[in-house]
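Here's the structure, in structure tokens; my notes come after.
Residue numbering begins at 1 within each chain, and the chains themselves are lettered A, B, C and D in the order written.
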Amino acid sequence: MWLRTSCEMSFDITVPTPFILMLRLRSGVQQWVAREEYRLRPTVPVFEFTDNYGNLCQRLIAPPGPFSVYTSADVMTADEVDQTPGAPFIDIQYLPDSVLSYLLPSRYCESDRFGQMATEITAGQLLGYDQVKAIETWLHTTIHYEPYSSDIPVSAVEVNLRQSGVCRDLSHLGIALCRSLSIPARLVVGYHYGLEPMDLHAWFEAYIAGRWYTFDATQTELIGGYVVIGYGRDAADVAIYNQFGPPVYPITQEIKVQLIEEKNA
Amino acid sequence: MWLRTSCEMSFDITVPTPFILMLRLRSGVQQWVAREEYRLRPTVPVFEFTDNYGNLCQRLIAPPGPFSVYTSADVMTADEVDQTPGAPFIDIQYLPDSVLSYLLPSRYCESDRFGQMATEITAGQLLGYDQVKAIETWLHTTIHYEPYSSDIPVSAVEVNLRQSGVCRDLSHLGIALCRSLSIPARLVVGYHYGLEPMDLHAWFEAYIAGRWYTFDATQTELIGGYVVIGYGRDAADVAIYNQFGPPVYPITQEIKVQLIEEKNA
Amino acid sequence: MWLRTSCEMSFDITVPTPFILMLRLRSGVQQWVAREEYRLRPTVPVFEFTDNYGNLCQRLIAPPGPFSVYTSADVMTADEVDQTPGAPFIDIQYLPDSVLSYLLPSRYCESDRFGQMATEITAGQLLGYDQVKAIETWLHTTIHYEPYSSDIPVSAVEVNLRQSGVCRDLSHLGIALCRSLSIPARLVVGYHYGLEPMDLHAWFEAYIAGRWYTFDATQTELIGGYVVIGYGRDAADVAIYNQFGPPVYPITQEIKVQLIEEKNA
Amino acid sequence: MWLRTSCEMSFDITVPTPFILMLRLRSGVQQWVAREEYRLRPTVPVFEFTDNYGNLCQRLIAPPGPFSVYTSADVMTADEVDQTPGAPFIDIQYLPDSVLSYLLPSRYCESDRFGQMATEITAGQLLGYDQVKAIETWLHTTIHYEPYSSDIPVSAVEVNLRQSGVCRDLSHLGIALCRSLSIPARLVVGYHYGLEPMDLHAWFEAYIAGRWYTFDATQTELIGGYVVIGYGRDAADVAIYNQFGPPVYPITQEIKVQLIEEKNA
């Protein structure tokens, strides 16, 4: 399907403030970006670089006064999410080097603390896809999904204590559980068509049987329409913005995802 | 200045033909891409990857029949080209690792064959910027610039024999001469505002005194308005398209570069 | 000075156990490896790769029974540690892209939680080197250094609660404090000549005034003789070994660092 | 088999001369380096870096006077070379991104000039492994292998004109022929046990059916005992040493490859 995404954030800046933004879409296997717009008001010099995970990042200094960022894109993404019950677990020794770092604990995914719990949640499942599906289902039915409840990322351990969280929090716990079973897992940040309420979204992917699969504990059913901004080990790697100096929060933030007609028809 | 660039190419395909295109603009220090469009007719699946030089490349299979590619962008680029007469040569041992590969001979820049000639052309110059400026001037006054004269890249040795060439050819010879003096040099492919006749363009950069400087042997004077698509060692690395199987040539190709008003004003 | 380092670890393996070892020395600016040995008993196939931080890692499956790993190297390293009181802080916007990831919170360095505390510890210091020196001194005088007290990495928050830890723990807290002041910091794992008691060692580096500086909160005085095995954001990135499946611990581990005569004399 | 390799080169230096050496062995899937030694006389500071192809390179300035480099290693490598007649050609669109650059022409492999010739040499062969085997056989029977005949790399076009060359020259022509058939090919530099006369060696690999296969046009039969120093597109990427300034040649060069007993037995 063809989607038109947009994100508009406005800030009220008091002192010159360095930002690292991550607001372009990933181009790659999963999606094709046919149009993209990136507008800053006021215009300031921007330096772009690619981070360790292949995400495009934009560095700039926001000047004092009102400052806004607007991005928009037309993107083709899959109508359906691939699901392969029974897809087998891969022994560590056969994993490609490039996914090994997604097995290790990270800032918000203390996978070294969840071995016992993950074993219980996935008891009786075939090793691989079915384990992760069981984790996703367990999250969906156990951890209360509360959009807007938190601005500050919390770690899997804390999410498990609170038994509730935003999409990012549920994903962190899902990732920690997967890694504790030696299944590589990563956080994805982006958009999802039809998300209620509409907002930026986070979900997770697990590496099974030689490829990454999508999982989302916030949704009753996995349906298509995911648009990827960035991948990383957890929210510390894929913040939509990192800002330095005295804290600044968006005073407005508006996210839209619309279905558009077949763009090139 | 804000420029609007576009490139439209159409092909008549007889058998399914794999392409690797390089038609997105580089985002980075030198320029800021505020809007970008990339349209294929008919629409086909595209897989995007980043090559060894950081250029974004698009892989696809063009199906039989008419096939067209259209890209367009709004980009802010420098009004003027930085020039620093006297900027000093850097001894090999102080060059950063990342530029060392631009010292070596490459497919179209046989720098191992030009030591004597480069020494003569730059006789009496301060080592560094002034040497490269002398090479650029020598190319401009000696090698006849003939737009459209050739579709097939030829190497520096051949350009020197013919004493004429397209922008890419003059750049290859310039690069080979720089490298033979132990000055790292690379080919740049992109657009240039005001180019006569308008076309895709190629020029070269040399690494002097800790940064890359722009040189262009096809122009009487270095003025701003350069827009970068890709960097590489020579044309073998930065082809706008590589195509495999029976040769296919564009039946139409239209390039435009317009000045637009301050985009965010 | 020329040092001869060695590390011997032996395990008693019950089921085939995948390992990722990180036991080669870094070759690079800081040190030169003139001889290296890496012996496994029994011999098993090893696959080597370079991780995201440039560390060389070795993958293998340890077979059931006794399994030992022995590495040894002759390495030249600096006699003294560079120290530059007054070296200035670099504003975020002037940091190279490659160090930005060392500003972010990581698994064991929750730098997002230490802003206030870091400000207090460094009150009155010049921004930059002097701040980090104050942090190192504060750690040395406040957090009790207890070699061998822990095998399991704990995070900066926990180290601060316990007020004691091994070298790795003190480093984690030091790194978290630096990052909270927008100073990039990383963990280093390796050897230190003269360490008492001798063991593998961990310390940290901070990026100030355009380069990395060494700090070590476990030592009264910074003296030379550091040998680097690996760099990373924290212990999750630079484990000497990661092992998967039922936990396995070394039954013996012997570390040696000897001064050898000028090797090439 | 376990091999002990060594390389000793001595120079007589007149002015301080920057070198980039490539004399460590690759560690990786194909071979395991259990011991390595790297000795310079006199000792000078060395800076090591990894090039774009993953080869370890050493930068140094040789001081005036006698200067020698000695490297030695104990390495386990395969007893036999994998050969898979019938292994199929992979269409461009299914090649991994990372091998695409080995399809393009490079300094010494003008693959854009050999399409017709490669088609003739491989007429009647199954696409894939059998084509490359036919190229290797054609080289072996057609191009006269003359060890020591040349110090200066020449390109595939020139090798084809001369109809003779050193191991590197035959490899360049083999690579150019492969690439002209859309088969990725790369140069390998290293040692070969049993080579007559003993010297550093060069051969080539082609990417077929999802992996790299070894080919060597200088040998009547492909037997094991290959030890890899570096990979690259051609000799411009994998020179054992690049030297800058007035040319310097080794006054002695001694290469040894001995069979040693099972090292860890």
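By definition in this document, contacts are C-beta pairs under 8 Å (C-beta built on N, C-alpha and C of every residue); 3 or more make two chains touch, one makes a residue touch a chain.
No experiment lies behind these values; they were computed from the predicted model shown.
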Hypothetical removal of chain B, resulting connected chain groups: one piece
Remotest chain, chain D as reference, centres from CA atoms: A
Inter-centroid spacing, chain C versus chain B (mean Cα positions, whole Å): 43
Centroid spacing, where centroids are CA-atom means, of chain A and chain B in whole angstrom: 36
Intercentroid distance (Cα basis), chain C paired with chain A, Å: 30
Per-residue overlap in chain D, given as positions that touch at least 2 other chains: 49
Arrangement of touching chains [line / ring / star / complete / other]: ring
Pairs of chains found to touch, sorted by chain label: A-B, A-C, B-D, C-D
Touching residues (chain side chain B, partner chain D) in the complex: 18, 20, 49, 51-52, 59, 61, 91-93, 97, 100-101, 103-107, 110, 112, 152, 182, 236-237, 242, 244-245
For the chain B and chain A complex, residues of the former touching the latter: 27-29, 32-43, 45-50, 54, 56, 76, 262-264
